[in-house]
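Let me begin by presenting the structure, written as structure tokens, before commenting on it.
Think of it as A, B and C in the order they're written, each chain with its own count starting at 1.
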Amino acid sequence: MVIKTEPIILNIGPAHPSTHGVFRMRTTLDGEVIVEMEPIFGYLHRSIEKLAEERTYTGFIPLTDRLDYLAAMSNNLAYCLTVEKLAGIPVPERAEYIRVIIAELQRIASHLIAVGAFLQDCGAFMTPFLYMIREREKILDLFEMVSGQRLTYNYMRFGGLSQDIPDEFLPALRKFVDQMPSYIDEYDQLLAENEILLARTKGIGILSRETALNTSASGPVLRASGVEWDIRHADPYSIYPRFEFKIPTGMVGDCYDRYWIRIQEMRQSVRIIKQAMKQLPPGPVRSTVPWLIHPPVGEAYAHVEAPKGELGFYLVSDNSIAPYRCHIRGPSLINLTALRDMVVGWKIADAIVIFGSIDICMGEVDR
Amino acid sequence: MIGFNYSLGLESYGRTLPPDWPGGFWWHWLVFTVIILAFVMTVLLGFVWFERRALGRMQARLGPNRVGPFGLLQPVADALKVLIKEDIVPSQADKIVHWLAPVVTLVPVLMIFAVVPFQDGALLVDLNIGLLYVVAVSAVPILGIFMAGWASNNKYTLIAAMRDVASVISYEIPVVLSLAGVVLIAGSLSLNQIVLTQNTPLILLQPLGFLIFFIGGLAEINRTPFDLLEADSELTAGFHTEYSGMKFALFYLAEYAEALALSALIATFFLSGWRGPFLPPWLWFLLKIVAMFFVIIWMRATLPRIRIDQLMALAWKFLFPLALLNIVVTAIEVLVWPEALPWGLIPVNIVVAGILVLFLSKKFTLGWGRIEV
Amino acid sequence: MKFEHYGIGIAKGLTVTLRHLFRHPVTVQYPDQRLHTSRRIRGNELVWNEEKCTGCATCAQVCHIGAINIVTSPSRATNTYTVEKYEVDTGYCIMCGLCVEACPFKALYMGYDYERAKYRSGDLVQTKEMMMTTPEKHISGYFYPELATRLPMQTLLLEKVKEEE
């Protein structure tokens, strides 16, 4: 006898503890199994792209902080690179190095949140999250030291940085860089071999290589599927070719690979910071750029490897003080489009884990 | 020491009076009910504080430390806050069931303590079927949780309730089977008698039984890593999503009372209950309870949550065969070497347990759980 | 699901949490214990130097939020502007610090204090008098590194947490 069961529709979100913001998954369930999932977003839409057209080029920098607020420095960097490309502004050597150091610190900070929140979604009650918040706090201290704020830094400018790093920054950074690998080892010890975590993440939510490429996913999500694509290597910006680092890639493309890749990338970031600290030259950190720039008519697209994936800014200039059009390619939104393929057929608990493993920031999804 | 010994069948229950008590049985009943209620409530408040402090320290933070010395009065403050909160009942809820559910959850948990000995003979009633009574009563709270999940008229609570019924009924079986080993060795179902026969703690003689009972017990009281029905990252708050005020507090109390009951039962069955040198028996009992509860907290601080199908598989494919094998091994030991029980069998049992666990770990596999739709 | 490591992974995790039980917690109990913030902190107020200000209104132009409201009147005799009204609505202000960077006469600074919560949003508007530099008002070193040296060193969690190894 076949028992006919009614599917039920369950709204996960927009106010749910593990949707990382105001994301809504409209799931159709058959018992615990998800038969259909429809992602609904737009609850946090602030029309940032339109706001860019109403501001001067410089005035938009503080708003880029509000895109992916967990990796504000990367947003700053991507936007400044685009405007520099558009207007042809040179960047001093020292500023480039500091930018790399800051961007890699930001990558560690963002991955810490990503991994911590992911493990909490797996059900580890706060512990890994709080450990990782503790290390992120140290990075935020460093950012506060250089920029004066803890979340919305507004630190980078066209042609460099807003101000040079203070004297006490480098000793503190060295101390942090020395400590960090042992902490990453500790995270590995805490949960990396844990049977329950393996059971919850290995083989779960597999994103195949083809699907990942077709959805134009990027960042750790793409690399977990086995595609060795890192913009720092593939289309180098800033001074990344001068550093030696590896690109960790996964084999399967499951949740565990995405988690593992983030941990490995933190190690690689520490490596880059160590090299950059050795090579850091003296000199100015900001080339002379007028406050109101009038870039020549044209368009420019520049992208960086933000912690969550490829973050690109597309700017069209009409030789006025404000961009004619600004488009942001946010990695979170595009990685999220693969969610339905990954979730259908799994259980509710898996859906939460898969969603957590993509690591999105709603500020960037809805913009 | 309170020295009365009567182990009675139910038929002679009301007739025989304990010799030391002037008013007879009803005085005994009254005194011990009050003692049990006072004990459970105070220990629960202590546990709430202890869990939050210990979790805090394990998570590199402080935990509550504002109300009273070391934050000791925090549970009292929480209780006061919860008491004066508005009691919200969803408009579409099944009102009576919604109201009844917390009571149905809490009361059976308190009833477990009726047969738990705090000292030799110091218990409300020394049932000669005490173990059976414990097993039966401890299964009732599921009913309350299911009532809560059903009556709230909320999809999250319903899913949580379904999960709970499925998991707890499955885990009853390995838990009961693991206790059979204890009964075989102790030769009695009375909890007082079980403690009296434990010259060596049974955890040494029954390492496998202890493991199964502990894992199954964790699953039954829904603590991490089996806290599927409260799974805050999946189901917001599970079955008590729609509860507030005092009714929520009752659920909260029931959760901790279950943890206390599990600790007390483990202490009684496997850690030789109130027995121990130097210290007074009730203190030994309390210490063992606190130690067990610390292990539970420790698990909660570390482990992620398991998924529902994995939970069921763990019960049926791993714990159930282990429990059966455990009974067989214990039965053979009791039958063949009844004299060698205290010391000779401890290393043998530990080795057997290790081999069995390793063997079944090797055999235990499970698909990843994707269902084609 | 498999028991690949026979529970050793779980045991390893348990040792980490147990080790943390004996480490010093990193929490700071804020109103009782206070850490020094960064010397460059962009505290939620602006400090304005009346003598240096020429009333050029660059700050108001640069402010992309529109939080700065400045009204000036020209005086022909001295060939200067008098600042009639200078108001910053810190409820709108996002503390980006662009006005401080843009000021050509170094007349505007970020404040060092950050506890300026108010009960009404109207109270958040800083008037000219509230923004004046006074001896007891701390000025942040944001964009003015020479001012930063007067401030206490930032307390870093990095140095506060001592590990046993």
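Here is the rule we use: a residue touches a chain if its C-beta (ideal position, glycine included) is under 8 Å from a C-beta of that chain, and two chains touch if they have at least 3 such contacts.
These numbers come from a predicted model, not from an experiment.
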Worksheet item: Central chain, going by Cα centroids?
Response: A
Worksheet entry | Of B-C and A-B, pair with higher C-beta contact tally | A-B
Discussion item. So the centre of each chain is just the mean of its C-alpha atoms; given that, what is the distance between subunit A and subunit C in Å?
Written reply: 25
Worksheet, complete the sentence: For the pair subunit A and subunit B, the C-alpha centroid-to-centroid distance in angstrom is 44
Worksheet item: Distance-wise, how many Å sit between the C-alpha centres of subunit B and subunit C, to the nearest whole number?
Response: 52
Practice prompt. Can you tell me which residues of subunit A touch two or more of the remaining chains?
Written response: 127, 131, 134, 190-191, 194, 196-197, 199
Item to complete: For subunit C, jot down the residues that touch at least 2 other chains.
Response: 1-3, 7, 10, 13, 16-17, 20, 26
Fill in: Per-residue multi-chain contacts in subunit B, two or more chains
58-61, 301-303, 310, 366
Worksheet, complete the sentence: subunit C partner, complex, touching residues on subunit B are 54, 56-62, 65, 298-299, 301-303, 310, 313-314, 357-358, 361-362, 364-366
Worksheet entry | Contact set on subunit A toward subunit C in their complex | 55-56, 58-63, 127, 131, 134, 137-138, 141-142, 144-149, 152, 154, 162-164, 166, 168, 172, 175-176, 179, 182, 186, 189-199, 291
Worksheet, complete the sentence: Seen from subunit C, its contact residues with subunit B in the complex are 1-3, 6-7, 10, 13-14, 16-18, 20-21, 23, 25-27, 29
Worksheet item: In their complex, what parts of subunit A are in touch with subunit B?
Response: 8, 10, 16-18, 29-36, 119-127, 130-131, 134, 190-191, 194, 196-197, 199-200, 202-204, 344-350, 352
Worksheet item: Okay, in this complex, where on subunit B does subunit A touch?
Response: 55, 58-61, 155-156, 159, 162-163, 224-225, 227-228, 231-236, 300-310, 366, 368-373
